[in-house]
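Both of the next two complexes hold chain A, though its partner changes from chain B to chain C.
On to the complex of A and B.
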């Protein structure tokens, strides 16, 4: 798994490439939490190149979402692929996470001030 | 022609159920899928179920600092794949794992408790046998896509 971060105004876009599993979820969580602790609580994660997430990844997504919201921000996903989307649905995450077709839409949702 | 009931053993692995070995277990299964032509959604779903079951054995199966064995066996049958995962840990029937409450608000969602729920939903059948000695055998059953036999 590879992670890269880009700031777009007040929004931090994180691009993840690869699989989020029991080996990689902790590293992703550390990276995202470091951004939150640096005061960046509007996070978009580009999932276009994420082919897999296990419950270890779900734990990371939920932990980061909670941290951003408690800090007054949010954590939004973009471009989720079908296999991963099914896992998000099965785990009930699609009803609590905001999903967008692409990163541009996800970033714009923050800039438009749309709440959760 | 595969025997419809027995099938053939595609691959097996026996290792110690320790956190340091999760990488080897996941690599074993990835290699097995590549070698056996297991692909697409079937591979995705089996990969997920294998990771969840093996992670569970590693984290919860044995007492702290006293890891025991874990064994995986992948079988191909005419219409399905069967992956048996055995341990020598205290009895644990996956049917006893609670179903997560998916209606909770985000603030009330627990960070864990999704593993067995996902396993149950991505395989066609989840078998459990308690082994003498003690031990557990969980068998993941996934049917092949009908047009790709």
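On to the complex of A and C.
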């Protein structure tokens, strides 16, 4: 899994390439929590190149989501592939997270004032 | 019993009538990869396949058995007395056991398939779930005759009457959890491979039967998601979820589609295989090191 970060105004866009699973999720969690602790609590994760999410991966996403919200921000997903979307839906994530078609829309949603 | 990779691996087969044959596609893939299973959990029709796998049958012979066992004839024998009781319960006394079809044929076929095999005699530890009609609680059957446990687990509401077992009236396992991952968690499984199925929604609700089926499907699907979400987030290791996507509609007794269902199950399993393989290889290395 590869992770890269880009700041767009107050929003940090994280691009993940590969699989978010029990073998990789720890690194992603460390990276994102470091950003939150640095005061960046508006996070968008670009899922366009995420091809797999396991239960351990989902637990990591949940932990990061809770951390951003505790810090007064939010955690949003963009460009989720159909297979991964299905897992998110069955696990209840689509009912607690905001999902967008692309990163531009996700970033704009924060700028539109709905960033909690 | 722990397989060579050092982790306890469980297979959980959810409810889904003929769709449950997808588990055989999964079994084929696991066998080819040499991935052993330490315990099997089955619910509703999934309990039939779970019992076959636990008893040591190969996928081909299980598919043959399923073709003979699960046919439309099972529901062809109407239980007229039960129907009368459903309508005139106060006059005739229903005993709380509404079931519009006789269960003699399914019991006979289950006896042919499993004989007097006991759950505690299966090669791989087996757990079958049903639901207590009195209070809705999940009932985990881990001893006694396989035939009785399966019959209890497939007590499809309104079709087969509840089954008396161990002093309780048991109904279909899906009523308490269509994908009982919790049993594998409770039994100490690390990696849980779960194959689940959403119920199809009805296209029209113009009969009482279709309306009732739609209500049941809505409840079952929401229950599946709620329970899976909880188990997924609370398990200490991995739950590998396999949800076969069927392009063709597969109805309750479309037994002639078993080959297609197996193929879809195998395809869905192949998608999960790269991660499963990496996960177990890494764990083998940890055990070895």
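Heads up, the rule we're going with is that the second predicted complex is superposed on the first by the 114 of 116 C-alpha atoms of A that agree within 3 Å, B and C clash if a C-alpha of one lies under 4 Å from a C-alpha of the other, contacts with A are read in each partner's own complex, and residues count from 1 in each chain.
By definition in this document, a contact is a pair of C-beta atoms (placed from the backbone, for glycine too) under 8 Å apart; a residue touches a chain by one contact, two chains touch by 3 or more.
Here the structure is a predicted model, which means the values were calculated and not measured.
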{"item": "First (chain B), second (chain C), both or neither touched by A:31", "value": "neither"}
{"item": "Partner chain(s) touched by A:92 [first = chain B, second = chain C, both, neither]", "value": "both"}
{"item": "Contacts of A:62 with chain B and chain C, given as first, second, both or neither", "value": "both"}
{"item": "Partner chain(s) touched by A:21 [first = chain B, second = chain C, both, neither]", "value": "both"}
{"item": "Touching partner for A:83 - first (chain B), second (chain C), both, neither", "value": "both"}
{"item": "Which superposed partner A:52 touches (first chain B, second chain C, both, neither)", "value": "both"}
{"item": "Those residues of chain A which chain B touches in one complex and chain C touches in the other", "value": "21-23, 52, 54-56, 58-59, 62, 83, 87, 90-92"}
{"item": "Chain A contact footprint on chain C (complex, rising order)", "value": "196, 224-226, 228-229, 232-233, 235, 237-241, 243, 271, 274-275, 278-279, 282"}
{"item": "Chain A contact footprint on chain B (complex, rising order)", "value": "22-23, 26, 41, 44, 47-48, 51-52, 55, 100, 102-103, 105-107, 109, 111-112, 114-115, 117-118, 121-122"}
{"item": "Chain B-touching residues of chain A, taken from the complex the two chains share", "value": "21-23, 51-52, 54-56, 58-59, 62-63, 65-66, 69, 83, 87, 90-92, 95-96"}
{"item": "Residues of chain A touching chain C in the complex", "value": "19, 21-23, 52, 54-56, 58-59, 62, 83, 86-87, 89-92"}
